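What follows is a short report on a single structure.
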Amino acid sequence: MSEIETRLESLGITLPEAPKPLGNFAPYLIDGEFLYISGQISVDLGGNIHRGKLGETVSLEQGQVAAKWCAVGLLARAKAALGTLDRVEKLIKLGAFVNAIPDFIDHPKVVNGASDFFVEVLGPEKANHVRFAVGSSSLPAGAAVEIEAVFRIQV
Amino acid sequence: MSEIETRLESLGITLPEAPKPLGNFAPYLIDGEFLYISGQISVDLGGNIHRGKLGETVSLEQGQVAAKWCAVGLLARAKAALGTLDRVEKLIKLGAFVNAIPDFIDHPKVVNGASDFFVEVLGPEKANHVRFAVGSSSLPAGAAVEIEAVFRIQV
Amino acid sequence: MSEIETRLESLGITLPEAPKPLGNFAPYLIDGEFLYISGQISVDLGGNIHRGKLGETVSLEQGQVAAKWCAVGLLARAKAALGTLDRVEKLIKLGAFVNAIPDFIDHPKVVNGASDFFVEVLGPEKANHVRFAVGSSSLPAGAAVEIEAVFRIQV
């Protein structure tokens, strides 16, 4: 088992099958040294979509959990793409959309649920990424969070 | 005529002049093996902007048509950048923003209007792309959809 | 002093310390010939966040100023990453999110506040970039604008 998957196991997480896209596109794409992963909504290991809006029906803590499930789904897709997560050299970027009401202002804290998870699993060096975190008035399937990712990989 | 333009013709589409940007930026940019195209709003062959919000004044079917017009505009800009669409090797990524009310949940179906079009025109292999599809509370000129794209190209 | 910083000085702008990220991620990241900069909210030289929504509490002119402060923050981070802005070869892309009410339609004019600034400081050739400009129903800390950037750099 890869080092990264050992860390996942110690966190109680067995990666699910890579979530299928909700449309006519690829869940992931390898181009040269980069792995691009499509926007991943917040779906937990039981297949339940974490729905709702921050500032309304979803608390900050619930939003952070939703963001973590996006990160788990992104890793599940990365494993499906690469065979093993040991081929991940670096998380380059996250693009994060938080389903929120107009008054919400804590998007960074929500998305830390994903960023912190990547640091924990990949280690601080490989996980040191740029990101944007913004509000969306609505997201696919009513999900609370959607995150896309770009990784540098071993070819 | 290129193979791709023959397919476009069979769909009844003659690419328009590349839509001009609504600001002080480039409609497209070639950097090495990549062609980046700026966010393209939903404008049809007659120059009409498809406006409105999904879940309110725009039906799912109308939204899919709007997304298709974004894709047509992206191809028009690609042709302007490359001279011929035969230089397109691969659609890498779409970033799609859907003008929608807070309760809307079918962004993926809307954006399939663009993804399906690319599959039809470029073929399933060249068109196999990653994407995100999210809701925006508002878009430039009140457009229903805005989509940016990255292509891999022959240099 | 670099040519670019001389131009900044003539505009009355001394780059501030690079704004720190509002979460567990990197303010910038160099990968090969590219410099990626995390989403930067509108913060002026005095450290004040320019808050509010376009179409409501923020005028078009105020929004353009807010977008300019995002650009200044992006340059401050670029300088922190590169040592000197002379290593900037090209602004490749801006991804711009405008905090706006559902009826707002002038996102491109707002984001020109950033694009025009880059043209002024980097010159028209280096600053010729692609971008998207969309509406967000909410942004971190209530900021009026958030912009991410990708630059090509001298390695």
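Per-chain residue numbering starts at 1, and chain names A, B and C are given in the order in which the chains are listed.
Note that in this section a residue touches a chain if its C-beta (ideal position, glycine included) is under 8 Å from a C-beta of that chain, and two chains touch if they have at least 3 such contacts.
Since the structure is predicted, the reported quantities are computational estimates derived from the model, not experimental observations.
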item	value
Chain copies touching (chain B, chain C) - same or different residues, decided at half shared	different
Copy-to-copy rotation for chain A and chain B - C-alpha atoms, rounded to a multiple of 5°	120
Whole-Å gap separating chain B and chain C, where each centre is the average of the chain's CA atoms	25
Sites on chain C at which at least two other chains make contact	95, 101-102, 136-137
Complex interface listing, chain A residues touching chain B	21-29, 31, 36-39, 53, 95, 97, 99, 101-102, 136-142, 146, 148
Footprint of chain A on chain B - complex, ascending	55, 90, 92-95, 100-109, 111-112, 115-116, 119, 128-137, 152
